[in-house]
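Look at the two complexes coming up: chain A is in both, with chain B in one and chain C in the other.
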Partner chain A sequence: MAAQPKEIAGQRPSYLAEGGLVGWLTTIDHKRVAVLYGLSSLFFLFVGGFEALLVRTQLAVPNNHLLSADTYNQMFTMHGTTMIFMVIMPLEIGFFANFLIPLMIGARDVAFPRINALSFWVFIFGALFMNAGWLWHALPDAGWFGYANLTERYYSPGMNIDLWDIGLLILGVSTLLSGLNFFVTIVNMRCPGMTFMRMPMFMWAMLVTTVLILLAFPALTVGLIFLFLDRFIGTHFYVAALGATPILWQHLFWIFGHPEVYIMALPAFGIISEILPVFSRKPLFGYAGMAYALVLIAFLSYGVWGHHMFSTGMGPVADATFSITSMLIAVPTGIKIFSWIATVWGGKLRMTTAMYFALAFILEFTIGGLSGVMHASPPIDLQQTDSYFIVAHFHYVLFGGMMFAILGAFFYWWPKITGRLLDEKLGRWQFWLTVIGFNGTFFPMHFLGVLGMPRRIYTYPAGMGWTFWNSFETACAYLLGVAFLIFLVNLVRSLRSEQAVGDDPWDARTLEWSVGSPPPAHNFDDIVTVRGRDAFWLMKYGSHDAPGHDSSAGARASAAHAEAGHAHVHLPAPSWYPLLFAAGLLVMGVGAMTWLRVVFLGAGLLLVSIVGMGFEYATYGQETEESRATFFRGVDSRKMGMWAFLGSECVFFACLISTYMVYKARNLGGPDAAVLDIPLTSFSTFVLLTSSLLMVLALAAIQRGDRKWSAIWLFGTAGFGLVFLGGQVYEFSKLYLVEHLAMQDNLFGQTFYTLVGTHGTHVAIGVVWLFVMAFAALKGKLQQSRSLAVEIAGLYWHFVDIVWIVIFTLVYLMRSIKEA
Partner chain B sequence: MNRRFGARWLLWCALLLFSGATEAAARSYPMDTMAPRSDLAELIQSVYVQVTLWDLLVLVVVIVALFLAIFWFSTRFGEPGEEPVQFHSHMGLEVAWTAGPILILVLITVPTVRAVFNTQPYHWPKEALTVRVIAHQWWWEFRYPSLGAQTANEVHIPADRMIHFELESADVIHSFWMPALGGKRDVVPGQINQITLVAKVPGEYYGQCAEFCGASHANMRFRVFVDTAEGFQRWVADQLKPPVMPASGLASEGARIYQNAPCAICHRVKGISGFSKQYEGGFRGPDLTHFAGRSTLAAGVLDNTPDNLATWIQDPQTVKPGALMPRLGLKGHELTALVAYLESLK
Partner chain C sequence: MNPHEGAQALEHEHPQAPVYLAVAVVLTVLTVLEIAVFYAPFLQPVLVPLLIVLALAKFVLVAMFYMHLHYDAGVFTSLFGFPLLLALLIGASLLMLFAYLAAHLSPVIPYL
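This part shows the complex of A and B:
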């Protein structure tokens, strides 16, 4: 645990060179973490595929009772949940992006290697937690978007939905941390010369994706927390009683859920934008337009969630608005599709399997996009939604789009990752079987939808005209299964083959191909300097107009490593804490479903690992020579990370606050905001705001090296925070004991306690943090060089105070405005 | 190798498609969304056809461009010839493929928005017939507040008269969908949604719950009978009549069993059992007053025959997993008598 950073001089062993179980369990190398992600999500790919085949087998003939209704419902729910959260996202983000981001931008690792490993362990434990339902025949069974109020305890009494709810919360932590990590990496760790407009398009896609993750996942988290409270404490967030409405879940879920579609789609767009140019031997067409299109798609994706809810009766105005915004997304998507075609146009095509998949992607994804335009129109949607037409649509997007891109990416980057080529002949078999199996399975679903077959039915009667296409689809689905088995064989065979591949088998254009295959643990021997787009192509050929393929390996190597310097590379030491942290989260999840004490055990583990990681990070809060050299983008990565986290928190609180506002207006009976004690809260607000001032003084003190005063001001800030918390404890006790307002009592109670309580928790975490810092200052551990630590804590503290200003205004000062 | 195999596959697919098409010609499609029988469904279809045509146009453009790019305007790696020109942007092209789709979208948006506002009126004409639909896990209750009639799982409406469906849920979210008569609308607990339409062609239409609502979501079907004005009058008059009380024989024995068995706790036969409590928005089980007048049972899952009814009563969980109806343990003569009674409730 206390291993020292390794010194690597000269030689370049592959990142896979050092074996050993412990090495893999404690690794924080982004490439190894990526491999762990890849292996686990490949496993889940086959689990999800197995579930899909069970579903298809059940539907092969009418009145089939191979699976019980219950089992079928579990299978389709887990198929969706698995493919989205445990296959597509982790393959794109956890595997490919994780492996490639540092290599493509010329960095040695991601910004926060420990958090990266932590993301993986949290992910795998979350996924296993949810899949634990296999053991008790209690897998989640309410569909991947688990519409309330079916998910309430009354209608779903089993542990199925508990596993889903807690499992998704855990997976959300993992995704959010990955998003934060990669965002900071791409913004901060680009090598010299790698401006935003010179980044590979995959990096643009990932940058936008990470922003989407940061701003979308909090909505899901809030929705899941409400569901948790409903199921475990007996609140009524989604019950159609006391004025609450189950539609709230749909809003929260789709505010997350639609950006989620692009969280899966944009990396695929990025992958395609890498594969096509390489195998066409031409630069990506319309680079700037492609980048702007990504940003525009991401921006629009926040304003379209309502198109999942046209049938819920939102009224014509909302329907029309969401319809128009949804259709607008077709414009940037169209730009992308035409630009891809223009990239291929006039190229010298190298028809590898990767290229086949990329080209097929364009067509399949276009079909999915066009059917999307259909149900962006509410009248059409009313016929198509929840029918097999929708199933066809999103499989054309998710499989024809994302999965084709992923398969292309496997064939393209596999040699870089493993040092072995995938077999092209098997690849071609796989490709054609996939194309035939995929289109045969999913295209007829359009017909079934038009013929009125609803989705999620475990059986259907004969005589509906659905039988033929269903049998046909099932046959094709098995073909698809065969294609994936061939893929598996191909992967295994390539790993066992002895034939090593060169560094740059495709004559590619981006930096990852300039290093070894597989790359050395530290990626780049020297810091690379980039002089334009398609950086490696430029290094090889000097200009975008390739003069031919006369460049020798030696010339490439010397070009890639032209920059001198940095003989010694610091690699962060492996760590057990990420694994421990994830275990803590898992134990908490298990505890929530069994005994409360276990939750505390898990929380203990969590705390130990956070503290452990804090102490392990020798440079925490310190601006060392190394950090100055690496983090040359101006803002320190840790500060940038905090900013990103706070951005995400904004959405989190926005969801809580909007729920409060909506439910306050719908509150029926019982105490409402009128019972709030304004004078008391005004006082504690004053105290909290004053503490922000003390925080500023603390930072100023540490920056000028005044340890004594910085300790005093830090204690002051924490103390004022404590006073605020005391006020809140008093307020809550009074509400509970005097006004008899419990969380379960009415809409005001549950939303008030949840919102203000969540803020209180944030304050409490801040107070603990500040006390730790203050004691460190007292002990003399907080030197001037570590002022960054105080600055980051300060950012958090100011943010919490600002949130309080909003809460104080909306909850307390505007309490009398009923219809706010 | 690949080309030969591709051709064989293509042939296979063509054959299958052909057999599918012949099947299609021979069969009927009770849930077809493309056979509109109401003003609402017709409007939806007209928008659908317009958008589909635009979509097809775009698809053809993309396919042609893609295939030209792959097979015509490009060379293959390894063939002799120059390296490709490294062009990477063209303002005119990019503007064109931004502006083109925008134009198409405008053309799609106009009929869309118009249809949105036309199909969701804020007011209904006074003469519209209100049908209250109450969705239950997993069956449908239909009430006619202005007529005082109620039924379950088979709704009758008159043709050529505006019908105003008010949708209400007794438990979770369902979705009320009659493909031939128009799009679906979710049935959300705690809120009343509406569908208004004028059915144009008398006939029997299928419907089904379209929002996943638990174990037996697949078994939550219903029928819509669009009657002529007179036919509907007759049906309503029949519904308002008290149930037949069998005087003697098996059926009268069945009536006694019905009253003594727990049936009457959840199901109502008007005038005979009054137990059935109002349960949130409706009854716990379907109204059986004119049960024998319905063509299906268990929410459109089985045809209404004595044998099917006996199967259903004996073991509801097999027919409809998760259904609230318990297994009563009736068998033999008792069961026959009960079935005889229920089938006498015309």
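This part shows the complex of A and C:
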């Protein structure tokens, strides 16, 4: 029992205590991973801020030639891309949510600690990859939404867009994996008593955010893959030649893009919902309404993407639909705003800097929401789109909303994360400079937009009536810069100070404040049991009302974690594989831009690290017994993760398949679907169906402890998978050699090869997976107790089978159907 | 109330080989039917609805029995069903949006 007594002895050293450089490189502790995220995104915050100041400086006076048009394009593109993907998302999700989710739901770590570390390394490599453009003056330059066909090789020959495309694909892997990880964590790792309706509102916000991530990012991935093929292989997904249309990119991008704004907004809503009650000393008003509003916003956010495309001419029905759904979002958003106000109303306010930022959030965000409802109306939008009015709108929501929430979160949770307070006086200076600088920079953009100033012009002539406000905005932008410098000074000074804070400096309501500041590596000494909402408040005061002067309250609180000493806490071991995996992805990205063989090197690294992690992971269950005490007893986190992943894959394939159906109908000449070989693919279909049967037989065998037959069936499944792949290779070669259909030739060719090839890639991955597992079974490494590993591989395999059922029907058997 | 209680029966026994074999037989028959439908000239007018029904049946069978949704906790069905629904909605909307586009704009702007 006393194997690692120093871990849990009375002192409880903080999570920051041990480990040098190697400790940080191999860490899989969610708190340390969060700190890595925090430091990196703070760095990118200043990079993005620098880019913004360059943009503003360029626009300060008319006819300015400080930056060339080219540099200007690079700066505003990287400013937007950086702020969204490398600052707001990683600060909210990678930093705050990562640190807080396990602490708020009473867990020891996230569901998949290795994947968590992996997400971070993939994130940082992806971000650096894209920023490598600084070295060659070749940063991405087509705007954060990279509209086609400007992004095609013909119009953007340099490496700029390659960096953007591949960089975003890499960042997408990171985001998707964190989304998956945190989703499973919140659903499955809650401590006893922590029902959904007792979770802190930030947890609700993150739960919904992760669902949005899982179901929105696949659309972007598909769009980026098409762009990649266009640029590297010479297909024409977004080129009007051959019948394609650049509008396809707009749809794919905004199917992702609008949910993406809520991926950034909902965590901010959650943060505000934590800060306001604590400093108003009242419970959150309208808890259930707040939770349902989050769900409703998320759901609606999938039905509004067209409001970014009114000017493309989608037709009256589509315009009306997207307009109505967009305006509907204002309803749940309004519920939230009124509930926040009601939370503060009549409370005993403590005006800390965190509270200042939270209150300012409500006002500034509402201004942005209101202009949003304005351009949800198509005729109005036609005036406002692509003007500075839009720039004003999204800065009010993104800066006035998300950034204010993030700054508030820094002041609120910094003591928990570092054990030190931020200086309130500097904080107040920062706050007022931010409010003045922000409104001064962005409010006049409404005027400029209405005066007709387009966005994304690098300079403008004098005499347009735009000069005054532009100069004014630039001056205010510098004020904003000063505010952030003060923030930086405050952070550094706090880190250098000795002053330590208690566990609960704000007299807060949620579980993270019941542990040390900074928390110990294992978070909680004993598994917590929760009796209601505002769990820590209940522990302290026994009721939801504000305390009288109950002198025993504090004593009871510290008693909550005083009984340390007997729990024997295993923490999962650090690992190099996450870093290796990310390096593999980076090498693949570099390879794509240089030499093909480097791609294979990267892929090799990926494979090694995945297999390595797989076998490390096999012992995971024994490493942390607590992690088995999941909320849904008997539902393994890995299985839940696989199902969530498959859900995400549904959207991925939906985008691919609909592209195929749309483009097949627009095919202008050359071979079309009529050349598809039905007898061959019928055979393949039987092969794949049979393989699914063998897969379930393998599972049944291992479940009854029959290792030999399990191995045989697994080899059989993989073998049938190989036969299927062989059929596909034959089919592709025949199309290419006999029908002379290359990928670049026509719309049918490019979409057919892409869709069926993507499915084939899934099969190939499954085959490798099954072979690894079959060999493990053969070597006796696959015991009955690990049958779950087979079950999860099986889920993936059957899903691939299901997708084939759909493809076989829509692509092959309906080959003669022309119109979609 | 301890939420861990009452959650015990979330995972039922998985079926055994006979069930799997029966499902495989049905899947094979359905696939044969699909191919028959494809080749039968008199069925061409109803080709699309017939094929969709048959594919749907296969889809559901694999999901329910091979992927155990029929036996496992309901969480998994919603974890898969909701995204599937959303994917269908997105796909259907895309088809309609592009159908409008094709009908109202010249399909090719000849340049490049």
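FYI, the second predicted complex is superposed on the first by the 777 of 820 C-alpha atoms of A that agree within 3 Å, B and C clash if a C-alpha of one lies under 4 Å from a C-alpha of the other, contacts with A are read in each partner's own complex, and residues count from 1 in each chain.
Assume a contact is a pair of C-beta atoms (placed from the backbone, for glycine too) under 8 Å apart; a residue touches a chain by one contact, two chains touch by 3 or more.
Quantities reported herein were computed from a predicted structural model and do not represent experimental measurements.
Legend: residue contacts after superposition of the two complexes on their common chain; A:Ile337 is shown touching chain B, with no touch to chain C.
In the superposition on chain A, A:Trp769 contacts neither chain B nor chain C. Of the two partner chains placed around the shared chain by superposition, neither chain B nor chain C is touched by A:Phe438.
Within the superposed three-chain model, A:Ser68 lies in touch with chain B and out of touch with chain C [touch as defined at top]. Of the two partner chains placed by the overlay, only chain B lies in contact with A:Gly143; chain C stays clear of it. Number of chain A residues touched is higher for B, counting chain B against chain C. After overlaying the two complexes on the shared chain, residue contacts for A:Gly315 are found with chain B and with chain C alike. In the superposition on chain A, A:Met661 makes contact with chain C only, not with chain B. In the superposition on chain A, A:Leu646 makes contact with chain C only, not with chain B. Once chain A of one complex is fitted onto chain A of the other, the partner contacts of A:Ile247 extend to both chain B and chain C. Taken together, the two structures place residues 240-241, 245, 247, 313, 315 of chain A in contact with chain B in one case and with chain C in the other. Only residues 2, 5-6, 9, 13, 16, 19-20, 23-24, 27-34, 43-44, 47-48, 51-52, 54-55, 58-59, 62-63, 65-66, 68-70, 73-79, 81, 83-90, 93-94, 97-98, 100-102, 105, 108-109, 112-113, 115-117, 119-120, 137, 169, 171-173, 175, 177, 179, 182-186, 188-191, 193-194, 206, 208-219, 301, 321-322 of chain B touch chain A when the two sit together in their complex.
Chain A makes touch with chain C in their complex at residues 154, 187, 192-195, 214-215, 219, 239-241, 243, 245, 247, 251, 255, 302-303, 306, 313-315, 317-318, 529, 629, 631-635, 639-640, 643-644, 646-648, 650-651, 653-655, 657-659, 661-662, 665-666, 668, 678, 682, 685-686, 689-690, 692-693, 695-697, 699-700, 703, 791, 794-795, 798-799, 801-802, 805-806, 808-809, 813-814, 817, 819-820. Taken in their complex, chain C has these residues touching chain A: 2-4, 7-8, 10-11, 14-17, 20-21, 23-24, 27-28, 31, 34-35, 37-38, 47-48, 51-52, 54-55, 58-59, 62-63, 65-68, 73, 75-76, 79-80, 82-84, 86-91, 94-102, 104-105, 107-112. Residues 68-70, 73, 142-143, 147, 149-150, 155-156, 240-241, 244-247, 279-289, 311-313, 315-316, 319-320, 323-324, 327-328, 330-331, 334-335, 337-339, 341-342, 344-351, 359, 362-363, 366-367, 370-371, 373-374, 377-387, 428, 432, 436, 440, 444, 449-461, 463-465, 468-469, 472, 544-548 of chain A touch chain B in their complex.
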